[in-house]
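Per-chain residue numbering starts at 1, and chain names A, B, C, D and E are given in the order in which the chains are listed.
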Amino acid sequence: MNEILTPAIDWAMVGPILTLTVTACVVLLVAATPARRGPLPFILTLAGLGAATGSLLALWERSVHQSAFGNMLVMDRAALYMGGIVLFSALLSVLLSRQYLERVPAPAAEYYALLLLAAMGMLVMASSNNLLVIFMGLEIFSVALYVLSGITRDWLRSLEAALKYFLLGAFSTGFILYGMAFIYGATGSLDLLACCRQARDLLAGQGDSGMALVLLLGLALMIAGLAFKVAAVPFHWWVPDVYEGSPTPVTAFMAVGTKGVAFLVLLRLVTTTFGDVLVAQWTMVLAVLALLSMFVGNLVALVQRNIKRMLAFSSVAHAGYLLVAVAAGTDLGTSAMLFYFAAYMLTTLGAFGVASLVAETTEKGDQGYGMERYAGLSRSNPGLALAMSVFMLSLTGVPPLAGFVGKYFIFQAALQRGLEGSRIFLVLSVVGILLSVVSAAYYLRVIVTMYMVNPEGERPRVVTAPDTGFAIAVAALGLFYLGLYPTAVYDMTRSLHTTLQALAALWLG
Amino acid sequence: MPLVSYISLSAVLFVIGVMGVLLKRNVLTIFMSIELMLNAVNVALAAFARHHGGLDGQIFVFFVMAVAAAEAAVGLAIFIAIFRLKQTTDVTEINLMRW
Amino acid sequence: MDAAMLKEIGEIVVRMLIIFTAVFTGVGYMTLVERRVSAWMQDRLGPNRVGPQGLLQPLADGLKHLMKEDVTPPGAHRMVFILAPIMVLIPAVLSFAVIPIAGDAINLQDLGLPWDWQIKPFIADVSVGLLILLGLASLEVYGVVLAGWSSGSKYPAMGALRSTAQMISYELALGLAILPVVLTTGSLRLQTIAEAQAGTWFGFVPHWNVFIHPFGFLFLLISIFAENKRLPFDLPEAEPELVAGYHTEYSAMKFVMFYMTEYSAMIANAALMVTLFFGGWQVPGLVLPQPWMFLVQAGAFAAKTFFFLFLFVWVRWTLPRFRYDQLMNLGWKVLLELAFINLLVVAMLVAAGVM
Amino acid sequence: MSFLHLIWLIPILPFAGFVINGLLGKRFLPRPVVSGIACLAVLASLVLAVGAIRDLHDEQGLADMLNNGTALSALGVRPSADGFGAVLGPTDPDRGLVLEASIPRARQIQWLWLSVGSVSVKWAYSLDPLSAIMLLVVLGVGFLIHVYSIGYMAHDEGFARFFAYLNLFMAMMLVLIMADNFLVMFVGWEGVGLCSYLLIGFNYREMFNPARHQSCADAGRKAFIVNRMGDFGFMLGMLLILVTFGSLDFGQVFRGVHALAEAPGSQSLLTAMALLLFVGAIGKSAQIPLFVWLPDAMAGPTPVSALIHAATMVTAGVYMVCRCAALFAAAPLALTVVAVVGGMTALLAAAIACTQTDIKKVLAYSTVSQLGYMFLAAGVGAFSFAIFHVMTHAFFKALLFLGAGSVIHALAGEQDIRRMGRLTRALPWTFGTFAVAAVAIAGIPPFAGFFSKDSILAAVFFEQPILWGAGAFTAGLTAFYIWRLVFLTFLSTDRVEKERRGHLHESPWSMLAPLVILAFLATVGGFLGVPAFLAESVPGLHAAAEWLPGYLEPVFRDARVAGTGMGALGFHGQAAVHGGVTAAGEWGLMALSVLLAVAGIAWAWLLHGRGGELAARMAAGLGSGYRLVRDRFRIDELYDRIILKPFYFMCRAADAFDRFVIDLMVNTVAIATEITGHVLKLFQTGSVRAYALSMFIGVVALLAFLVMS
Amino acid sequence: MSLDTILASGASIAAIFSALMVVWQRSAVISALFLVLNLGSVAILFLTLGGEFLAAVQVLVYAGAIMVLFLFVIMLLNPAPLKERFASGPVVTGLTFALGVLFFASLMRGVMSLAGAGGTMASVGESYGSTRSVGELLFTAYLYPFELAGVLLLVAMVGAVVLARRQAPGED
């Protein structure tokens, strides 16, 4: 029996991921005790998320590039940034959940555990440069989210959401996997950077020329799969139904986390692996996806009367804006995308948080996501209405809120590409801004309803628990902070592009 | 068999799987078709691994199986739960949420 | 087709002949043994009329079933109904393909036959034999499920559901119980595992795995009882509740196939236990020239296997039947955990260099 | 320490008022306190602004400040070669006060807002003559309207909310005015839009247009969305500027414009920038084709109409164009577009105003028309005249609205001028001040409107004679419709409904005082910009000769340099520049415009002053009035046929054009968008299989595109 | 033709046939059976590709566990066989097929480029794909994803329990 060399493990590197996993296990153990009914799972979850955030910050301080397990775990700044967003959104989502779980029939402890594990999967996906690990991370959080979306299992809507999400998710997994297989086939490696090197050689005419087409197949299928996760048209179909049916805090977390890490992987794919090969192809594809997403998302959101569906379509539209930035492929685009995402996170979590509060539970499931339920909210709950207005205005892109600054960055990047001669980006920026005008109509409808429509009958005061209120307030104030002092975060995102590039450079020599 | 035969076979299986997803009505059959797709991917991965002479592809297959197992567990649980409420496995009858 | 290839095929055929003949004979007589031993335990005679001591009874049974009317119930799914018993039998029989019955190969010339053919003591030399064995065991479930489903009636369906659940549940414990052996031996090849058990401690304690992994053996034993749906775990076909479980609707040859399956699986599992924990064909300290060595080892293997077969029958009339929830609880809440802890402890010991 | 250090407080104070009143107003503060806080906040800002402007022109003080180093990081700045002196010191601080010498301009940098690579955008304010004038106008008029609102809103349950919004509006408007770069301006730009929306929908419970089931809330939404359409242009223009010049600072951008204008082939880029910005201005300042929101905006309380939709916010577009004078001057084509759009809007809106029966709608269209004038001025390069008109317009239009508000207040909400009349006795003060404003807007010397309008017309005459024709005709129409309003409202016959008559009363002092002050301003405001030739020939006016254009001259100096000679009209000696035209020509033009105004008033009197028989006959049509016509007014028949009918036809046509073409156009776009949304929504069938199929179509398309190409 | 090629060809044909039958059959149980056949054929393909461990795992995990679970659930739910083979009408079905053909054509265009000299199999040693070699890789280079697989299965387990558990009275 020959000796197997056990790999050395840098425990600090896996710290955030490990913390989440261990916390989830502890929460699951608590679920087996009578304490499951108490606040213990909630507190443990918060503590775990806090600890994970702490170890993430420690990693941030430690170094710019750090990797373990042969680049399978790459805790570069980009990963840490997106990981931070994931953890933060998980934190807010947990804060939103406690009150929500009190009135819906769902097992709380398991809920928290799955949420933690989903966050863990997202972290894994965000912090990897390896196709296999990306896939594993993707599956971990996807499976957890399939369950979470159906966790109120006595409600048909919830289960229907789970079913749709599951079937379509598994379907898209098939494509993404096939894409990975082809990329592996063409390059002989699962490591994105090694793939990158190989891809360059291939397209430079070295090696087997037949593999170039296989590489293209892989790229196409992977983009399709990731487009599903980021909810870009025409892969967005699951979004409205799943967002509507899932428990609202889950929806919020799902909308942010899934999209975030998928976008990061997309960035890694197009900026590092295909950063200088097949550029024309993926740029065009992403641009078209962006165009479609903005168009369909905004227009359909316009005619929605259910707030969750409206937010769902709006999230499709926002995927479009984000894709514009990714498609730009420049450092401006990358940093704009990452910055916009921070703003998107706060608004999404906040808006869904308010939605979860305003809704009410009946036997058949959550009711009251109709717009009419917001009538008179400004008088029954002025604070809540104000916060919701802030979220809506930020989504509209009204300065000085974060949403505006983000849009500004994105369209700056796009227009720059446009002026450099890429006509599609001119179209993208014009259409994008024009459609964000359209978006004002439906975001404003919420504000109009809250402030200017009289409720039919008595509008009961919505009870807001302190933790929920805290989460919403944090989101709202965060939007002001990001809008007025975006420099700190933006500088961070600026450095991330260099990180992504530098990683490739480091590897390629 | 040469590589191209294996990959062609994988493509055929994959397309059949896709067709199954698109054409069938029963959630269980749809899910089986998805398994068919994963299986096709596995063939491609193993063949590519053999082509390159590395084991990465085979390892990947191993993980795909693990994933398939996980998905099956959760998916079937969802089917059971939904069947309990609605007594159907016909996806065309599951469209409460639309528009 | 050249001579070498012909020879290879010939060798395989002979191997198969030897082993499958042994198995089918074993199956046939196992039915007799069971009835006789049962009778003996219950202080009665059992079948003793056909041939001396009833030795021809299996033959007579076979003939009887061949001539019986083969009924297919109207609600059945015909194709699957026919397929099910075949699907259940094949994996059970196939499992013998990887079990070694002796140490070294023998040459047919040693037996005085004219062919210079090396006959290996197993049909297929597979390096992942144990996995194949487990895989085949899990495939057995199909036949059961399909039998229950295709019969189109309630009792079979219930029986099939029960047995499926039971088999799936105990497969895990079974796998975990085996793993410590794999861990210390470092191979999944059954012949390697058997060979590794050569020698003795202190000159008289055989170097068998059962002494190293007593708990593993215990868990395996329990799991195998459950896997085979033998009493005290015969819930799927518990006659007071389910008539005869998943094969209620079967008759004639198809029924025989289920019957054969049960016994061949029993034998296979017994052989597995022997191979893994009782040195397989090992007879400590025995050195003989071929072909005697081969024959004695095969005999020893058969004897050890028979001991376990006897144990099956013995237990059948000793222990009462479990309740279904007790069975599941035992499987999931006790056995699985214990087997896992066992594996963990062994792994730690291996890592610490103790084993 | 000087007032210049405190300019950051100018927007903050009203904002603080907003926060206090918004949070505590409704539940904890009594009404006097609420209104006190709101008014005092604006007053304090006004004081600060006056102080800062004084300090800005206190050369000795500035020199002292520079020498003593009192300024946080005051840097001596030499005038740059191109006359646009914004050369910053060696280190560009993220905070601090920067003084420029060539233009009296102080810039205060609050913090580094955004920094994208080499591009950094600071949250910075600047104070120069242009923003000074706007500050004084906005704060002055704003303060008066705050005071007025105390009385007007006294009985409204949303008292605190109203003042909070009003204060927020002031804050945003001040940010807009004082912004030192496009982005900060955009913050104010959007902010005022938001406040406008909130205030239009203030009485959200009421149906604003029962016939179309349009509530006030809908009107507010319409305003906001139409404004967003304009913002689309603004945003794109801003981004285009950013990626072209790598900066959004006004100073740097305009320097960049000069550099770029020299380069060949840059015209299209400059034109694109200017036009996109102008799209923003069109939205905000309600020009063709985006003016549809402004008449609807009258759903808001009248003080809001006065402040936001007449005096201040809607002029933001004009202000922005003037602020970007250098850019527009460098893009002659864009400038022409501005002029044409302005001229057409002025004419069209004035014509529509002639047909309106709602007192506020008349004023709304009048506002659109007057804004058109301002753009006309800007479009011919007479930026300082545009600002001059902004100022005078603020005075008289605010006055008109407040007067109208007073009337509405007195009549308990009645807005239809067909049910007014003979109010002079009941509302003497209101009538008096309203009449002053009407004279001013009609362009009768020496009231404020006369000077500004006449300056504009003169400038246009030299640059775009055809548009001058439209402008002059509009002047006549203006006089007509405003006096039609006066006659129908205050004079003519008494048509007030009986139940409202008992309610009739003159407004409280808090409402009247602002009226009087504004009336004074509307009377004398024009003397800030008396044309040179006039000033020279009239004794005692010499000092006032073109004071305002002269004051603004440094700001627009480079617009003249970069342009093609246009813009020269903005200050002293326009006759000298257009050497061929003598003072006599100017006298002639002035006389003509006065004549037009008088004619308009006379005409209004003819039609409506005598009890409206003629108008009634017009409305009744020829059939019913046939005998009258034949028997007693034979001459009237002729008059009818050749003048009245075509005139009314034109006005009605304009109205119809508004309703059926422009409104329809805007609505069609909106409805088409909505229908597209509905159609797209139908694809969301809820069926997983359909979703999977659609996804697959996407995959196939993607694959086919990538692999097959 | 070597034995491997014969084996592979046979398995390929069986795989394609069984895959077609999975889609073609009306009854879920029969479909599942054909899927098992398909998995078995693929296991043989793995063998011909040198993936001996893989083949075993394929049978053990896929056929032995996953598909049994499937059958189990199918029996539990016992859906009636459907009347029509495909859920859509002829037009949509036709469209779907057309799309499938287009998709296949696109795939094949890429795949066919492998037919050249580059599409050869590397020569590999005896230990290629053996349990030991795969196992060693799993516990060294692929330790991290291996652990992740554990987490994934945990998630799936918890999820399945949460979703499928019948709610006991008085439980949250």
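In this section, a contact is a pair of C-beta atoms (placed from the backbone, for glycine too) under 8 Å apart; a residue touches a chain by one contact, two chains touch by 3 or more.
These numbers were taken from a predicted model, which means no experiment stands behind them.
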Shortest contact path, subunit D to subunit E, counted in steps: 1
Central subunit by CA centre of mass proxy: A
Top-ranked pair of chains - ranking by C-beta pairs in contact: B-E
Chain of greatest Cα-centre distance to subunit D: C
Inter-chain centre distance, subunit A versus subunit B - centres from mean C-alpha coordinates, in Å: 25
Separation of mean Cα positions, subunit E and subunit B [Å, integer]: 6
Centre-to-centre distance between subunit D and subunit C (centres being mean Cα positions), rounded to whole Å: 94
Where subunit A and subunit C are represented by their mean Cα positions, the distance between them in whole Å: 52
Residue list for subunit D, restricted to those that touch at least two other chains: 681, 684, 686, 688-689, 692-693, 696-697, 699, 703, 707
Sites on subunit E at which at least two other chains make contact: 53, 57, 65, 69, 76, 87-88, 96, 99, 103, 106-107, 109-111, 114-115, 119, 142, 145, 149, 152, 155-156, 159-163
Residues of subunit B whose C-beta touches two or more other chains: 7, 14, 17-18, 21-22, 25, 30-31, 47, 51-52, 59, 63, 67, 70-71, 74, 77-79, 81, 91-92, 94-98
Chain-chain contacts as defined at top: A-B, A-D, A-E, B-D, B-E, C-E, D-E
Residues of subunit A defined as touching subunit B within the complex: 131-132, 135-136, 139, 143, 146-147, 150, 153-154, 156-157, 159-164, 166-167, 170-171, 173-174, 177-178, 180-182, 184-185, 188-190, 240-241, 244-245
Of all residues in subunit C, those that touch subunit E in their complex: 77, 79-80, 83, 126-128, 131-132, 134-139, 141-142, 145-146, 148-149, 157, 160-161, 164-165, 168, 171, 188
Subunit E residues within the subunit D interface of the complex: 87-88, 92, 96, 99, 102-103, 106-107, 109-110
Contacting residues of subunit A [partner subunit E, same complex]: 4-7, 21, 24-25, 28, 36-37, 68-70, 72-73, 105-108, 110, 113-114, 117-118, 120-121, 124, 130, 132-133, 136-137, 139-140, 143-144, 146-147, 150-151, 153-154, 162, 182, 207-214, 216-217
Subunit C-facing residues of subunit E, complex: 27, 29-30, 33, 36, 52-53, 55-57, 59-60, 63-65, 67-69, 71-72, 75-76, 78, 130-131
